[in-house]
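First chain written, first letter: the chains are A, B and C, and each begins at residue 1.
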Amino acid sequence: MSQIKSLYAATAISALSATGAFAETTVTIATVNNGDMIRMQGLASEFEAQHPDIKLEWVTLEENVLRQRVTQDVAAKGGQFDVMTIGTYEVPIWGQQGWLVSLNDMSDEWDADDLLPAIRDGLTVDGELYAAPFYGESSMVMYRKDLMEKAGLEMPEAPTWEFIQEAAAAMTDKENEIYGICLRGKAGWGENMAFLTAMANSFGARWFDENWQPELNGPEWTEAVNFYMDLMQNYGPPGASTNGFNENLSLFQQGKCGMWIDATVAASFVTNPDDSTVADQVGFALAPDNGLGPRGNWLWAWSLAVPAGSDATEEAKSFIEWATSKEYTAMVAEKEGWANVPPGTRTSLYENAEYQEAAPFAEMTLSSINAADPKNPSVKPVPYTGVQFVAIPEFAGIATQVGQEISAALAGQQTVEEALEKAQALTLDEIEAAGY
Amino acid sequence: MATQNSRSAARLMMAPAVILLLGWMLVPLVMTLLFSFKKYLPLRGGDLGWVGFDNYVRFVTSSAFWPSVSATLIIVGGVLAITVGLGVLLAILLNQPMWGQGIVRILVISPFFVMPTVSALVWKNMFMDPVNGLFAHLWKFFGAAPVEWLSQASLQSIILIVSWQWLPFATLILLTAIQSLDREQLEAAEMDGAAPLQRFGYITLPHLGRAITVVVLIQTIFLLGIFAEIFVTTQGSFGTRTLTYLIYQRVLESQNVGLGSAGGVYAIILANIIAIFLMRMVGKNLDK
Amino acid sequence: MARAVTSKRKIINTAAAWTVGLLIFFPILWTILTSFKTEATAIADPPVFIGFEWTLANYATVLERSDYARFLWNSIIIAGGSTILGILVAVPAAWSMAFVPSKHTKDILLWMLSTKMLPAVGVLYPIYLIFIKLGLLDSRTGLVIVLMLMNLPIIVWMLYTYFREIPGEILEAARMDGASLKEEILYVLTPMAVPGIASTLLLNFILAWNEAFWTLNLTAAKAAPLTAFIASYSSPEGLFYAKLSAASTMAIVPILILGWFSQKQLVSGLTFGAVK
C-alpha cells in the first residue's frame, strides 16, 4: 500500500516538475498610470525576454482607483496581485502588519546601499526593507524666469512664504490668464492635504500633539490655511478647488502659472519641450519656509512591494529588482534620454555627470529630498512619522474629509475657521473610533 | 382556474429565481449586520470584537450624516424631476410628424449606452473644466467669467450629468406610451375646441400616469446607488457626498468596516422607506 | 390650406426635434471628434470642430498601452454570460407568475425589485470575502454570477410584463388539444415570447456592459472588462483629453452600434408593461 502511494507520489512529482519546466509563472502587477510607470510597462518586454518563464500581467489604474483596489485586496487578503505600487504612506503601516515581503535579500548588484538614505528610511520598518523605490520625490518651487524678470524680482534659492506672496502678486495678470501661483486645491489626502500638511509644518503646525489630540483648529493651522487661502483667492487660477497635480501641471505647461509648488518629478515634464510651451523658462527653488526651521516640502516614493501571500514571490522580486535597478535607469537613459529616467531614488544617479548635465533640476531635487525629515516634520515634537501624512491607517480617511472641508472653503462655501472647526471635530471623532 | 398540478409546477419554476435572489440578499445582509455590531478594522488586524450599537450611534451622530441624506434625496429628486419633465416634452415632440424621426430617435437614445464612468469623465474634463472645458470657452465667448461647475454648482452639475444619462430612458418609455394614445380621442377633443394645454392636461397626462410611475420606480432604484459619477467628478466634496458615497468613505477610505456596515444598514432602511412608498404607488398602478 | 399648415408644422417640428437630438448627442459627438485631434488641438480656444488635421495617433497610443482586445472580450463574455444565464433563470419564473398567478405574485415581484436597492458599497466587504473563499476573485465566472443576480429582478419583471400580454385563451386552446406543459412552452409560448426575450436580452446586456462598481472591484488583470480599461485613462500626467477621448470612444462604440441597430427591439422592451 505504502509502496503504491510513494510510487504515485513520485509520479506526481515528476509530472509536476516536467510541467514546471515549461509552465509560465504569471506575475500580476498593480500600478498607477503615471508617465514613468507607463514607460516601465513599455520596456518590460525586455524583462520578459530575459525571463521566458515569467509572464507579466498589468493592472494600470488611475491613482484613486489603484489605492482603493490594493488596500482592499491587502486588507481582505484577496491575493490578486503579486506586485503592488504603493507609497511611503502605506509601506510602514502594511510592513508593521506583516503584509509585505521583506526585500532585505535582494542581490548585491542591486545595491541597496546606493538608495538615498531619506527614501530608504521611509520604506524600512524595524530594519526590514519592505518596498523598492521606483521614483522618489520631494516638493519644490517651479517658476517662470521670464515672468519673474518682468516683475522685477529675483527668486532666491530658499524663498520665504512672504516672498512667494509678493512674487505671486507681482506676476498675476488675470487679463492675459496668467496666475501668480498654482497650488493644489482638489480634496484628497494625497492631493490638497499633502501640500497643506507640508506647508503647515513650516508654519509650526502639527496634526496631533504627543497625546494624539488633534490641533487642526489651533493658531498654527489657522495661520497656514489662511495664508494659503489668501494666495489662492487673490493670485490663483479659477476653479482652483478642483485642481490637483495633473490639472496644475497642464496649466503650468500652457504658460498660465507664474509659480507652482509641487512634486519634484514635475520638473522633467515642465522642461520637456514636447509637452511644455514654457520649457526653456523654468527655474527651480527650494520649498518656502517661514523662518521657523522646517521647509514646506514633502517626501514621497512610489515603490514596488510584494504582498505576503503572493504565489509568485520570487518571480515578483526578480521583477522588482529589474525595475528598480541601475541597469533599468541606464536603459531608459539610452532610449529616452537622461532627463526621463525615474528620479529620486539612488545616490549614484545624482553623481552621474551626464544626468546632471541633462537635468537642470537634479541638484534642487536632491537638496529637497534631503531637506525632508519624516521623524521630525514640524517645529514641535509629534507622536507620528511622515512629513505630508501621518503614518496611521486612519489618516487617509481623515485627511480626505479634512481636505474636502478646506476645498469647500477655497470654493467660498465656508470660512477657513468653519472648515477647521469641522476638521477638528471629525478628526477627533475618527481618532476616538480607532481607539487612541 | 389553474389546476393543483400546474400550481406546483409553477412554484417549481419560480424556485431558482427566488432562491438565488434570497441568497443574494440574505448572505451579504446577514454579514453586514454582523459586522455592523463589531469593531472591524482590517488595517488594525480585522475583527476586534463586539461593540453593540456603537457604530450605529457614531454613524448618525457624525456631522456628515444628515447632509448626506439630503444630498441623496436632492440628487434623486432633481434627476427624476428633470428626466420626467423633459421626457414628457421630448416624447410629445418626437411623436409629431417630422422628417428623419428614426435618426432623431437614435440621437436621443444614445446617452443611455454610455457607461457612467465615461460620461462622468467626459463631462468633467471636456465640458465643465473651468479652464479648458467647452462651457468655459462658451462663457468666455459671451464675455462672461467661466463657471466653476464642479465646485460652485456641484450638486447641479452632478444632476445634469446623471439626467443626461437617464433622459433617453424616460423619453423612450413615455414615447411608447404616447404612441398608444387613442388619436381619435385627441381629435375629438380638438373638435370640441379644447386648447392644446387642456388636451395635454386632461387626456395625455392621465394616460401617461402609468408610464411615469414605471420611470420613477426604475430610475429611483438605479439613482439611489449612483457612485461612479461622484467618484470621478467631486469625490464627495462640495456637498455631493451621498449616503452611498459616505459609506464608501467609511468602508474603503477609512477602512472601518464596522462603521461602514452600520451605514449600509441605514442605507437599506432608507431605501426601504422609499421602496414602500414607491411600491404602493406602483402596486396601485399595476392593478389597473 | 390645411395642408400648408401641416407642412409648416412639420418643418417646425423637424427643426425642433433635430436641434434637441443633436444637443443631446453632442457630448458623444464631441468625444469622438476629440479622439482624432492632437492634444494641443483638443484644448484649443476657440474650439475646433471639423477643420483640424485628423490623426489616429491617440488610438495607436491606446492600443500600444493596453490590451484592448482582451478588455473587449471580457466585456462581451461577462455581459453576454450574465444576461443569458439571467434569462435562463428568469423565463420559468416569469412564465409561472404570468400564467399561474397566485395572490402572492405581485408581492414576490416587488420584493425582487427591492433587492436591487441594497447599496453595493455596503456589501462590498462581505461579497469580497465570499469571493476569496470561493476563489472567484478576478474570474469571469464570478462576475457573470454577480451581474446576473444584480439584473435578475429587472429581467424577471420585463419578461413578466411581456408574458402577461400573451392571451391566456391560446394556452387553453393548446391544452384542449392535449398539449403537454413542455409542448405548451416550446411550441406555443416561445414563438410569441421571442420579441420580448430579445428586448430583455438587449437591455440587460447594456446594463451589464456599463456596470462599473463590481466589475472594477472584483477584477484585477484576467477578467477585467472595459470599465477597468477606462480607469487607466482618467487624468494621467499632462494633457490627456485626446487620449481619454480615444479610449472612451473605444469603450462605448461597440455598445453604441449594437444599440443603434437593435433600437426598435430595445424600445419595445423598455416599456416594462407601462403601455396598454
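In the analysis below, contacts are C-beta pairs under 8 Å (C-beta built on N, C-alpha and C of every residue); 3 or more make two chains touch, one makes a residue touch a chain.
A quick note: this is a predicted structure, and the numbers were derived from the prediction, not measured.
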item	value
Each chain counted as touching subunit A and subunit B at once	C
Chain located farthest away, centre of subunit B as origin (C-alpha)	A
Chain pair with the greatest number of C-beta contact pairs	B-C
Geometric centre distance via CA averages, subunit B-subunit A, whole Å	37
Subunit A-subunit C separation of Cα centroids, rounded to whole Å	38
Whole-Å separation of chain centres (CA-atom averages), subunit B against subunit C	16
Multi-partner residues of subunit A (at least 2 other chains)	68, 72, 76, 250
Subunit B: positions in contact with at least two other chains	132, 252
Residue list for subunit C, restricted to those that touch at least two other chains	43, 124-125, 129, 231, 233-235
For the subunit C and subunit A complex, residues of the former touching the latter	43, 64-66, 124-125, 128-129, 131-132, 137-138, 216-217, 220-222, 224, 228, 231-240
In the complex with subunit C, residue positions of subunit B that touch it	2, 6-7, 9-11, 13-14, 16-18, 20-21, 24-25, 27-29, 31-32, 35, 90, 93-94, 96-101, 103-119, 121-123, 125-127, 132, 134, 137, 140-141, 164, 167-169, 172-173, 175-177, 180, 210-211, 213-215, 217-218, 221, 224-225, 227-228, 232, 243-245, 247-248, 251-252, 257, 260-261, 263-265, 267-268, 271-272, 274-275, 279, 282-283, 286, 288
Residues of subunit A touching subunit C in the complex	28, 30, 33-35, 38, 41-42, 57-62, 65, 68-69, 72-73, 76-81, 244-247, 249-250, 253-254, 269, 275
Contact set on subunit C toward subunit B in their complex	6, 9-10, 13-14, 16-18, 20-22, 24-25, 27-28, 30-31, 34, 43, 45-47, 89-90, 92-93, 95-97, 99-100, 102, 106, 108, 110, 112-127, 129-130, 149, 152-154, 156, 181, 206, 209-210, 212-213, 226-227, 230-231, 233-235, 241, 244-245, 248, 251-252, 255-256, 258-260, 263, 266-268, 270-276
Touching residues (chain side subunit A, partner subunit B) in the complex	64, 68, 71-72, 75-76, 93, 97, 187-188, 237-239, 241-242, 250-251, 256, 393-394, 396-398, 400-401, 403-404, 407-408, 410-413, 422, 425-426, 429-430, 433-435
